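In the two assemblies presented below, chain A is common to both, partnered first by chain B and then by chain C.
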Partner chain A sequence: LVLSFFDQFLSPTFLGIPLIAVALALPWVMFPALPSQWLPNRQLLLQSWFINRFTQQLLLPLNTGGHKWALLFASLMLFLITLNMLGLLPYTFTPTTQLSLNLGLAVPLWLATVIIGLRNQTTVALGHLLPEGTPTPLIPVLVIIETISLFIRPLALGVRLTANLTAGHLLIQLIATAAFVLLPLMPTVAALTAVLLLLLTLLEVAVAMIQAYVFVLLLSLYLQENI
Partner chain B sequence: MPQLLPTPWFTIFIYAWMVLLAVIPLKILSYVYPNHNYLRGLQKPSEHSWFWPWS
Partner chain C sequence: MLSRLVIVSASALKGSGPLGAGLVQASRSLHTTSQSLAPVPPLPETGGKVRHGLFPEELFQLLYPKTGVTGPYMLGTGLLVYLLSKELYVINHETFAAASIGTIIVVGVKKFGPSVAAFADKLNEEKVAKAQEVKDQAISVLTQAIEDEKKEQWRVEGRSMLFDAKRNNVAMLLETNYRERLHMVTTEVKRRLEYQLALQNLHRRMEQEHLVSWVEKNVVSSITPQQEKESIAKCITDLKVLAKASQAQARA
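Let's look at the complex of A and B:
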């Protein structure tokens, strides 16, 4: 059995248990429910501050109808950022590298925004397909282009997250393998590769947080267009 | 690419949505924010106006 670098993304099973179920179920023990105290402990305070401020910032451009989505957006953000960050630890599996999960989140949520827009304000939603001030001969072409761009949105949303995280994990594995293999041969080069690996890991931490944020932000923008 | 194997796709989809709908919102809703802001209204503004040395 020849292992390739992509095998880290195979949905792993251990003793017949699909580990992705464990990876999806366990991280939420890190967010305990608040006790009925006036002032919680430091961890709970930081978590509640994060959720509060994030939701406030995200909901700023949305009108009152969009505020119904606050809980969903906060849940989605917590879901994605926790899974992304925990996946950077060694020997963990990142469920968000699975295209099934990301598309499974992106397509229904995008479709929900589109259906809400078409149901409540059909003319405005259809009007998004033609930018204002288009010269008349260009109208048919532009409608086609805007329709294609509308349908590409869920694909882009899902694939962006998958690709970013997959690429990051692959790079980490490649460079770590390189550093490890070079260690007996050329120790100096191996040390430089290790420094590169450290910088890459820092980048991946940033990417993990940013990609989760971008996912939720884009969904809120799609909602803002349609609500 | 193992992500493109269709076998666990539906399972992963269902699991992810179950976690997103059943587990996380309950945890988020438990973060309540007791309103400290009423204490700010009790503070009276300072009665001394600002002192400008040239006026």
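Let's look at the complex of A and C:
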């Protein structure tokens, strides 16, 4: 059984049961419901503090109509950040490396913002297609360019998340393999590679959190334009 | 978490004997207590004790009677060696990745753990402090109200003395007023009497003067010129005699 480096990204199935469903349900376990006591324990306290602060910060630039999306953004952020961070553990499968999942999250949400904008304030939403202060001869070209950029947004959102996480996991695997192979041959080089792996893992932790945040932030920005 | 449950229930069931399993089923059907939920037992303040951050203390307590202090460690080592030697766990690149992420997690928890825990505790403390402040404020307001009430009661006790003093005041005012009026009456009466006296004196004096002037006028008018000449001549002779007498006296 020869494993290629891309086998970690195969959607796992066991006896025909897609295990990605279990992987997707795992973050739900990490955030228990708040009990009805007044002073929660440290874990719940920190989790609820984080969720409150994050939602407050995210919803600052949005007007009251955008506050309806608070639950969606908060839950999306928690979902993505938990999936990303859990994927850094060994022998785990990260669902967010699947383009299908990320596009499945990005396209409906982006489309929702566009449709809301076009329904409620059609002229303003269409007006976003032309930046202010453009010289008159450039208008047709610029409208086309802005439309393309509008339609590329969901693709960018999905592919950004997928590419970052996939690249990160691949790099971790490559460098770990290099360290593993070099260990009997040139131990010092293997030690340096191990140090590199440590730094890379640190970077991956940061990337995991940042990519989740960027996904939700961009969606909130698209909402801000259109609400 | 689940392992702890298994261990605790295992040790509990072991002690209950052969009836253990049956009792678990039986207690659900017989109503022996009133099944009231209050008073609720207090919640534990800290989480379950763990050793080395992962292994619950109950495992060590479970194995202690049979294998002593080193028992669980031997179990862990043996398990690890078994897995490695039988290649049930194969060392591959993922092991390195596991080592690196494990290092990062352990270092992170050791370094930032206390400060994060202190932060969480501070959040709770602030919440408790706010409620405590409200309670303390209410208590202080009520204590202040009690003191004010006591002071009012003391004031009420003193009020009778106040009334006595006021009564004295009023009596003195009345007395003063009466004395003043008495004085005024005396003065007025004296004035009127003096007026009458002055009037009588004036009257008598005017009578006297009138009488005197009348007498003088009559006397002067009754002096005839003859009498006047005679009296003047007499006066001159008298004066001469007197002058002589005095001259004689001066020489002597």
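Everything that follows uses one rule, which is that the second predicted complex is superposed on the first by the 224 of 227 C-alpha atoms of A that agree within 3 Å, B and C clash if a C-alpha of one lies under 4 Å from a C-alpha of the other, contacts with A are read in each partner's own complex, and residues count from 1 in each chain.
Going forward, a residue touches a chain if its C-beta (ideal position, glycine included) is under 8 Å from a C-beta of that chain, and two chains touch if they have at least 3 such contacts.
From a predicted model like this one, the values you see are computed outputs, not experimental measurements.
*Asks:* Have a look at chain B and chain C on chain A after the superposition and call it: clash or fit.
*Replies:* fit
*Asks:* Once the shared chain is lined up, is A:Asn41 touching chain B (first), chain C (second), both, or neither of them?
*Replies:* second
*Asks:* Kindly classify A:Ile227 by the partners it touches after superposition: chain B alone (first), chain C alone (second), both, or neither?
*Replies:* In the superposition, A:Ile227 contacts neither chain B nor chain C.
*Asks:* Applying the document's definition of touch, where does A:Ser100 land relative to chain B and chain C: first, second, both, or neither?
*Replies:* first
*Asks:* Taking the superposition as given, does A:Leu89 touch the first partner, chain B, the second, chain C, both, or neither?
*Replies:* In the superposition, A:Leu89 touches chain C alone.
*Asks:* Go through the superposed model and pick first if A:Trp28 touches only chain B, second if only chain C, both, or neither.
*Replies:* A:Trp28: touches chain B, not chain C.
*Asks:* Looking at the overlay, does A:Phe79 come into contact with chain B only (first), chain C only (second), both, or neither?
*Replies:* In the superposed model, A:Phe79 contacts chain B only, not chain C.
*Asks:* Just to be sure I read the superposition right, which of the two partners does A:Ala176 touch: chain B = first, chain C = second, or both, or neither?
*Replies:* In the superposition, A:Ala176 touches chain C alone.
*Asks:* Is the number of chain A residues in contact higher for chain B or for chain C?
*Replies:* Residues of chain A touched, chain B against chain C: more for B.
*Asks:* In the overlaid three-chain picture, which partner chain does A:Ser11 touch, first (chain B) or second (chain C), both, or neither?
*Replies:* first
*Asks:* After the two structures are laid over each other on chain A, how near do the C-alpha atoms of chain B and chain C get, in Å?
*Replies:* Nearest C-alpha atoms of the two chains are 5 Å apart.
*Asks:* Determine where on chain A the residues touched by chain B overlap those touched by chain C, and list them.
*Replies:* Residues 38, which sit in both footprints.
*Asks:* Please output the residues of chain C touching chain A within their complex, sorted ascending.
*Replies:* Touch residues, chain C against chain A: 43, 47, 91-101, 103-104, 116-117, 119-121, 123-124, 127-128.
*Asks:* If you look only at chain A, which of its residues touch chain B in the complex?
*Replies:* For chain A paired with chain B, touching residues are 6-7, 9-11, 18, 20-21, 24-25, 28, 31-34, 38, 44, 47-48, 51-52, 71-72, 74-76, 78-79, 95, 97-101, 104-105, 162, 166.
*Asks:* Under the definition above, what is the set of chain B residues touching chain A in their complex?
*Replies:* These residues of chain B touch chain A: 1-5, 8-13, 15-17, 19-21, 23-34.
*Asks:* State the interface residues of chain A toward chain C in the complex, per the touch definition above.
*Replies:* Per the stated touch rule, the residues are 37-39, 41-42, 45-46, 49, 88-91, 172-173, 176-177, 179-180, 194, 197-198, 200-202, 205.
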